[in-house]
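Next, two complexes with chain A in common: one pairs it with chain B, the other with chain C.
Here is the complex of A and B:
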């Protein structure tokens, strides 16, 4: 079952990746990212293989490369941090185009850039091919504790509602002349945060009452969604297999 | 014949000592539609929360048909008394309408095609089949209300308790809801400030104030008693002439 209005990161398509069971995609993505994380930074060839694998997945998922590249802007803060590393890292310096840089800093910058961009790309592909409720469902089937998946599910459901309440509260403050510019004018913001907490807490109680009144006894019921079958697991196994093989080979070489 | 619902000597106080319900006695026959009227803070919603065991009374008993509410029967009572909350957002907590409607019957142990069938039946009953895959936060107020009612109907209750069902609805949404409730062949308790709707929908009305039942009778008679209405902070809309009300 998918939501009628998908979340902003989802791309509506009919690809093999879209139709895979969410737990299979989550598990494959997680193992792949772990493999990337443990790969020694000096094994540049390994990162080339990782990128090639991701490009193939993007192609199979019928996503536009430009879409994934644009979404990668989320890692810009890390990139900015990485850019400074060659200049601020201590130790021996080498001249690159006449500018003194630290070799250790250069490797560290490369490490951050390569791993962050691959990790973020995996998340972007997962979000673009899987509806949010399905991701939560996948987490449940991978035995993530029910209390965590329930909190995540309620957060997704009620985030827009709380953002709407916050927006109305801000309008109410602005309409009565509140236009903060300085730190000492922040008190009403703190008070509104407190009010939001109390309102959300009370809503939580009402939602719990609504759940009780429809037979909730402490565990979310199984609604019988399709689970990952052998075909799903066989389809996704290629990605983590490439990751683990390349990572172990790279570790062996270095 | 056993009454659909029987509430006797029900009293309840909140932990801060505020007495929300005092010696409430109500009997409702099968198939009746009863309006529960009263000012804010009269205890109407608290009463509704008692009717399917979400809140536990300090004293008194609640019987649904032949079953008395107790720790051992609360599960069955929650199936038989469906509660539709005032704010549908409180009730629609699952990611999609279909999953929300499935929540109750799944808790009853339904699975597979039985569960799918129950969801389809409930959505069809409220004319919301097309909403099955929609996310609740993308629905209009009227659609949300219908989805919330479907979630309760999916448990095939004997009694439907609706808390302020027309609040927040536009006139067309209100009209659609009244038509829907008129067509549902089920005992209904409608808590409302919407007096014209109470008159149109319910033959009987109960007025609650300060946790007590202060009037119980034919809706048209109660609404023509302007003194009684004003005593309990109730008022008919401007231009609504009590003399023209049907009796």
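Here is the complex of A and C:
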């Protein structure tokens, strides 16, 4: 079990943002993203302010800009879609360097790019400054149903283990010459998916028995992790405050 | 299909958010009996399994790969309610911790990827089980076909949401043609993998397959092998069925002018995008009566999704079992 104890996206650092209580970070990030989502796309200045805010947060969190930019690659499929938009959108066309484009499509592409990149950056910063169990604890304190958070925390605890098992199965298959090109060669993959489910399930049973024997009664004990105090909320309130003010101003102007 | 923030408009995000929250809380209530403390670690491990299962890349053709969505697989292995909850958790954690899908897009992402696939896939599974033989092979075949169906349903759900909440002036039928066309292919892969994965679980621990609990030992022992080719043919059959059903609905628009548009426009959109490798091939958007047909297609998709998800929800509630034996 050579797996590390922090998830791959977490960046170990001691910054103001790292030390904030998770529920405060979650709430602030969520409100900020909602504010971004309702901002009219014509208000380009608003998005400039959002990006500036994010850059400041990245700075305070002592993260590298390159790290966040590289992680943004998750939105690439939608970027591709956005790039196509000006060409496939209906409506009147304008000539840009001799290529007919739809202005509506251009606006739509800008809209998706701006909002998606900001939303994804918020999640990336959150994940880079908060360990996964803390994120779950934060969700719990924000009143997400306990069944969901406890399932999620089990999922996170065993994710690396199961993904590692999957990786080993793949290595085993590949080293025996398995290189499927067509769908009808997929049977070994399905068989390993089935085997992995049975193993996961049986592991779940064992984990449960082990927990019972250590006095589990259906709820995890609170190990005295720090809750968000007034100081956390005061620190964190800047971000959603900027978001809401800018969004409302932008809506008012357009 | 993890849509980012700002992909659909705010009203759609809020509406689908409300629908998703309502459905999931209903699923939580329904699953409470089976999700007692014993089931929580199991559900967590199952969620980790679904998460990892999305890393399973299966070959599609000529070396290209697709990956498993797993909604129908979760529903058949764990039951529709627990399955939907598990996939929902996967989608939420992916959005918050992995930046995969937007936070404000959670409403429609959960609806499309967890609710429609789990409940819609479950409904398709129940219906197919009535037609197919009551044996292990029947369960495997029904799982495969239901999983393929669930992927197509999911892409249809996205297209309908696009009709209401588009942020770009791309007509509904372009999106519908491209989404459903591409997902027909992905659906075939999903179906093959899901069917065979359920088969693998049935072979070693049949008691773990929620969807096969009604089978007796003898029926389980009846394992007439089903070849991959049968699956492929079945998958294509389901795809054709979808095409026919949708075009039938579209064909109900009365006058002849629109028939022409249907024959040219709709057929072109259905075939052109499935075959063309560019996502948005140059399908003409200005066909005659296109709007009526778009609405008919959208209505038909909406009706199919609502009917199947509703049926899945109802049968999830009705099929309350004493307890999943461990």
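Miscellaneous remarks
Note that in this section the second predicted complex is superposed on the first by the 236 of 254 C-alpha atoms of A that agree within 3 Å, B and C clash if a C-alpha of one lies under 4 Å from a C-alpha of the other, contacts with A are read in each partner's own complex, and residues count from 1 in each chain.
Just so it is clear, contacts are C-beta pairs under 8 Å (C-beta built on N, C-alpha and C of every residue); 3 or more make two chains touch, one makes a residue touch a chain.
Bear in mind the structure is a predicted one, so any value in this text is a computation, not a measurement.
Shared-chain residue A:203: touches chain B and chain C both.
Once chain A of one complex is fitted onto chain A of the other, the partner contacts of A:214 are limited to chain B, with no touch recorded for chain C. When the shared chain is aligned, chain B comes close enough to touch A:133, but chain C does not.
Of the two partners, chain B and chain C, it is C that touches more residues of chain A.
By the document's definition of touching, of the two partners only chain C reaches A:112; chain B does not. In the superposed model, A:153 lies in contact with both chain B and chain C. Of the two partner chains, neither chain B nor chain C is touched by A:17.
Contacts of A:34 after superposition: chain C is touched, whereas chain B is not reached.
Judged by the touch definition given at the top, the superposed model places A:186 against chain C, while chain B stays out of reach. Shared interface residues of chain A, touching chain B in one complex and chain C in the other, are 132, 153-154, 156-158, 161, 203, 207, 211, 216-217.
The residues of chain A lying in touch with chain C in their complex are 7, 9, 26, 29-30, 33-34, 36-38, 71-72, 74-75, 78, 80-81, 84-85, 88-91, 102, 104-105, 108-109, 111-112, 114-116, 118-124, 126-127, 132, 135, 139, 145, 147-148, 150-159, 161-163, 165-166, 180-187, 189-198, 200-205, 207-208, 211, 216-218. In the complex of the two chains, the chain B residues touching chain A come out as 49, 52-54, 75, 78-79, 82-83, 85, 87, 89-91, 93-96, 98-99, 102-104, 106-108, 111-112, 115-116, 131-138, 151-152, 155.
Residue ranges on chain A touching chain B, taken from their complex, read 1-5, 132-133, 136, 153-154, 156-158, 160-161, 203, 206-207, 209-217, 221-224. On the chain C side of its complex with chain A, the touching residues are 2-7, 10, 13, 25, 28, 31-32, 35-38, 40-49, 51-53, 55-56, 58-63, 68, 73, 77, 85-86, 88-90, 92-93, 95-100, 102-105, 167-171, 174, 188-189, 192-201, 203-205, 208, 228-229, 232, 279-280, 285-286, 326.
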